[in-house]
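Shared between the two complexes below is subunit A, which has subunit B as its partner in the first and subunit C in the second.
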Partner chain A sequence: MKIRKNIAVSDTGFLFNPSTGDSYSVNPIGMDIVRLMKQNKELNEIKQAIMSEYVCDEATFEKDYYDFSMVLRNYKLLEDE
Partner chain B sequence: MSKKIYERPIIRPLNTGMMNKFGTRTEYLPVTHLDGVSVKSLIKQYGSPLFVFSERQMRENIRNAKRTFETRYPKVQFAWSYKTNYLNAICNVFHQEGSWAEVVSRFEYDKALSNGVPGDKILFNGPDKTDDDLRLAIKNNSPIHIDHLDELYRLTEIATELNVKPRVAIRVNMDTGIYPMWDRFGFNYETGQAWDAINKILASGKLDLVGLHTHIGTYMLTPSAYGVAANKMADLALGIKKKFEATIQYIDMGGGFASQNTLKGSYLKGSDVVPAINEYAEVICTALLNAGFKNNELPTLYLETGRALIDNAGFLLGTVIANKRLSDGRKATILDFGVNILFTAFWYDHKISPAQEFGMHTEDTVLYGPLCMNIDVIRENISLPPLNAGDQVVVHHTGAYTITQSMQFISMRPAVVMIDETGKPHVIKKKETLKDLEMNEKMPEHLHQFKLT
Partner chain C sequence: MNKPKYTIAVTGLNAIDSPGPGLAIIRGLKDAKSFDVRIIGLAYEALEPGIYLHEFVDKTYQIPFPTAGQDVLFERLAYINEEENIDFLFPNFDAELYNFIKLQKQLENELGIKMVLPTLDQFEERHKVNLYEYGLKHGIKVPKARAVYNTIEIPAIANKYGYPVVVKGKFYDAKIAYNMEQASQHFNKISAQWGLPILIQEFVRGSEVNVCGIGDGKGKLIGAVPMRKLYITDKGKAWAGISLDNEQLLEITRSMVDSTKWNGPFEMEFVKTVDDEYYLLEINPRFPAWCYLTVGAGQNQMEALINLAFGKKVKPFKTYKIGTMFIRYSTDLIVDINEFEKISTVGEL
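And then the complex of A and B:
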């Protein structure tokens, strides 16, 4: 799962898709995940990074991560595979 | 370094053109306490889901309503509309505040009696009164509100047989400019039916016509309709005075004042469009005061207000069972209460708050109940912070018609708690059990046993 390269991310929690003109608001954890995805990190690395920063167990994060990716795909923010 | 609190990652599109100018922030402000009692502790002690009533709010509502009418009109009497919520503890709060009872069936009538309401302070409404019901009401001197001609004839026969003169009112329906018009109950004003019925009663001399009753609809957002109705009722009363030299003791304007719930499909929130009780009071009292009654013949104003006095005093607490992602990408959250105990979800977009603190971000969610059927939708679309399994929610404005219309289906009906004015919770109805459920069942002899292989 890769986020589209041209997606712009702000420091204040906004995400912008220049190819459609749509913008989105994202919560801080979502932002962290998007940034890690932009660095081409895979699930395991992202999980480690998030768990070192937030109080969270593995199963919960994985479930939420897949769900979040589904929404990103739904909004056409992921690269086609 | 201590770690940060985890929250589910969420992303939501910004549609500046469609932003609600009122904002949605208040909808998801957490509600952690009700009348000083923590939601968590209530659920821990009494289970989830759980109905909670605020005695303080109920008393405040009825006191405010009484004050509002009594400062505008000299003679006012409220009667608690039992069908709105007839848990005995709820009824008694209103009776303690001076409300009589308004009932529409025999079991409601019996409930009012056993709660200690004197018979002559129980208004007996409704189209379905049996001979036995009528006899009992006559014996107790209860005002019987006649719904149709068949009832009028039947009551006249019974009165003749018993050689008594029952106290009666007729229910009047009318055009108040509101659609749909409630014309299936009572006698119509415009077509002269009501006046005919009045003439029949007064000409026969068998019944004592003490009042006139109307109930123009429920959740009425237009106070002026009550002005029209009060004028028509006054017109009938004055006509009776003129033709028969008889004085009508009361005009009963029924119920119907809107509560602060939001109707489905309404762009504006209920709290922004629902008239305050003084707006209804103003038009009703002005109409009656200016109708032309002589000062000593002003009829008493009866009110059968239901939902407006109880809706905001009732809360439904519940717990998140699970989250799902629907095939179209929408988020769905499954709660542990369904439409079987929140029937009002069919016509209201109930306000729902999380019961714990959250960050700033929200996502659009469908809220489902736990029943195994498609109609079990609590909110089709609501913006909420990310809720996790085990998190709790508070549904607001669930005091009216939820308990009385609830049914046992797949899950049992929950306990009901009332928080008294000192902040102490009391169970006013226990959680239903399998035993309650099967109490009236009977097993035919030949079905007692079976063998499965």
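And then the complex of A and C:
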């Protein structure tokens, strides 16, 4: 799962899609996940990074990660697979 | 280096909720680095706000409404030119363009006033009633549409396209109808204001994206900035917008300019579907009211157009700043009644 290359993410969690003009705000965890996705990290690497930074069990991470990626897909922020 | 100073006349000073492009063009001209300007406003009505914005408009003259005809318009412009020695004129309303296109040669030859306008064929061909055929000819997707002169013609077309349909005036206004009753109401309301025919158009769902650009009349695109409307007023006008990174839209624009040999400024209005298909809704043969965004994004298209008109070498713009936004605002001008009196009675301010 990869974030589209042209999506910009700011330090304050502001996401901008220059193809559509849409912009979004993500919270700090969302910002971390998007950044890791932009670095082409695999799911396991993202999971490890988030679980080492935040208090979170594996099942909760996977559920929330799945939900978050569905949101990203709905907003067409992910590369087509 | 000494910069030339041009006297440029501009219409469309109605900076209202459905604004004319005049003030945006003037701001672009005032920002020009290659020349200085003196701005002559051309107004139809005494309450056009631009008349009183003296930091933008040096002097304003009233001109006759388009229905008065070309002779009356030429006579008035000849008088204004005697006073001001106009170098260039920007007509900015669809409804006045026909007269200006017809007068173009006469204004240049007899008064020395230049304009950059589409040819009459280009102007007529892209009319809303001809747009579907225009799309077929130039390879651009356009929603299907039929011109109607009576409400009894609507059901057959609407049944073919399926509801909703868009009911459009020939110059202005468009409303969505979800059934025959609504379509009839819109037909009657729009035709009462803008005349016949009325256009019944297939409804294409999506977001509105527009392109502001200029063609050099030989098939080359000099500049183009795509914009998505972020906030749309109840009149369908952009109150905020943002420049987009959209190569597909630029390619469609390049192809249109190449295929039509478009001369001068234009605005192309599209709907982008969820499948990333673009349907052309309209081509406006002039700068749009949001054209100052092109200056903000790094393409002063108004400056480029003036330089083209005066035979200067103009390199096509290669880039623009993506993510540049505009947000329109309204404010109250305080005006002395003496100024209103002057423009109302003498026709000059």
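Everything that follows uses one rule, which is that the second predicted complex is superposed on the first by the 81 of 81 C-alpha atoms of A that agree within 3 Å, B and C clash if a C-alpha of one lies under 4 Å from a C-alpha of the other, contacts with A are read in each partner's own complex, and residues count from 1 in each chain.
What we mean here is this: contacts are C-beta pairs under 8 Å (C-beta built on N, C-alpha and C of every residue); 3 or more make two chains touch, one makes a residue touch a chain.
Everything quoted here is computed from the prediction, not taken from an experiment.
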item: When subunit B and subunit C are modelled together on subunit A, clash or fit; value: fit
item: Partner chain(s) touched by A:54 [first = subunit B, second = subunit C, both, neither]; value: first
item: First (subunit B), second (subunit C), both or neither touched by A:28; value: first
item: Which of subunit B and subunit C A:68 touches, first, second, both or neither; value: first
item: Which superposed partner A:15 touches (first subunit B, second subunit C, both, neither); value: first
item: Touched partner set for A:6, first subunit B, second subunit C, both or neither; value: second
item: Inter-centroid angle subunit B-subunit A-subunit C after superposition on A [Cα, multiple of 10°]; value: 80
item: Greater subunit A contact set [subunit C / subunit B]; value: B
item: Subunit C versus subunit B - closest C-alpha approach in the superposed model, Å; value: 5
item: Subunit A residues within the subunit C interface of the complex; value: 6, 8, 16, 18-21
item: Residues of subunit A that touch subunit B when the two form their complex; value: 13-15, 22-30, 33, 52-56, 60-61, 64-65, 67-68, 70-72, 74-75
item: Complex contacts: residues of subunit C adjacent to subunit A; value: 207, 227-228, 230, 241-246, 322-323
item: Residue numbers on subunit B that touch subunit A, as the complex places them; value: 3-14, 323, 325, 329, 331, 359-361, 386, 388
